[in-house]
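Just dropping this structure here.
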Amino acid sequence: MDVLAELTGSVGSIGYGLAAIGPGIGVGIVWAAYIQATARQPESAGLTRTYAFLGFALSEALALIGFVVPFVYGT
Amino acid sequence: MDVLAELTGSVGSIGYGLAAIGPGIGVGIVWAAYIQATARQPESAGLTRTYAFLGFALSEALALIGFVVPFVYGT
Amino acid sequence: MDVLAELTGSVGSIGYGLAAIGPGIGVGIVWAAYIQATARQPESAGLTRTYAFLGFALSEALALIGFVVPFVYGT
Amino acid sequence: MDVLAELTGSVGSIGYGLAAIGPGIGVGIVWAAYIQATARQPESAGLTRTYAFLGFALSEALALIGFVVPFVYGT
Amino acid sequence: MDVLAELTGSVGSIGYGLAAIGPGIGVGIVWAAYIQATARQPESAGLTRTYAFLGFALSEALALIGFVVPFVYGT
């Protein structure tokens, strides 16, 4: 067997890694905003908590989709 | 069988991963702005909620388009 | 059969993915600015709405152009 | 044995490296927000500490998932 | 042995390089926040120092994991 380069692995790993960049930053931005908002207006903590979890979940979902995507296209 | 590199998978995974970077950050920015705006002016929560969901959906759509794009070009 | 690498797919997917990074962030920044501006000066919502949609559309267009570009260059 | 390039290794290393970009920035943003919020409103430190650790853990998790992903797709 | 390209090395180096991007930025954000917070409220320096070191260490760890990752997947 001729082997051109001794590289191994599936590009699905690269796909997930790329998909995790945005959510990794986005989740940090959402919680940073919630921390600063809660510190300034403690009485708003209950009002904005729903949206902190909503924003976190919607951003994180993009990375989790990236986890299953290689199974869709073929690993 | 000659194999040049033992890499497997579809580059569609890389495509989705790249397409998810921007929306992952963008969604976080939109919800962070809504959290901070709601904490400062709670009475504006109803007025800006429409635009928070609009901005989130329009940004997230770019990642979801990236999910179906490989089927268009061939996985 | 000579196989260079068991990779499949079109690099058009990578092209779209890269093209979606900027608009994904840009759309989020536009709507975040509109949400914060509307919360502080609710009376300005009508005046700036045109520009929010304009800024969103002009940024999103770059990703949509990235969607059709592979058909121009060949998928 | 014909060898095209003397590159070795698994692309899983590239995958982890990419997956660490976002959380590396996101974790920094979360703790920066907690530090600034605590410095301005020391009395809010207890209230926001939960969310600082929550935001840190949810962002960091994306990098740790990237560590195990190559075992799922094949290293 | 025929060698097509005179490239040598392991992609593990690329993996570590990518893994160092995020923490490099994140650690900077944490210390920048600590410097500005301490300059404004010098009396808060002792309270927030713990979290500055905590945030720095948790972000830096992601790059150090990237250093050992190639040994796990094969250099």
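Which chain is which? They are A, B, C, D and E, in the order written, and residues in each are numbered from 1.
Criterion: contacts are C-beta pairs under 8 Å (C-beta built on N, C-alpha and C of every residue); 3 or more make two chains touch, one makes a residue touch a chain.
Treat the numbers as computed from the prediction; the structure is a model and nothing was measured.
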Neighbouring chains common to chain A and chain D, by label: B, E
Interface copy of A-D among B-D, A-C or A-B, judged by whether over half of the contact pairs recur: A-B
Distance between chain centroids, defined by C-alpha means - chain D, chain E (Å): 10
Cα-centroid distance, chain C relative to chain E, in whole angstrom: 29
Distance from chain E to chain A - Cα centre to Cα centre, in angstrom: 18
Residues within chain D bordering two or more other chains: 1-12, 14-18, 21-30, 32-34, 36, 38, 40, 52, 56, 63, 70, 73-75
Category of the chain touch graph - line, ring, star, complete, other: other
Inter-chain touch pairs (all): A-B, A-C, A-D, A-E, B-C, B-D, D-E
Complex contacts: residues of chain B adjacent to chain A: 1-18, 20-36, 38-40, 42, 45, 52, 56, 60, 63, 67, 70, 75
Residues of chain E that touch chain A when the two form their complex: 4, 11, 18, 22, 73-74
Residues of chain A defined as touching chain E within the complex: 4, 7-9, 17, 21, 24
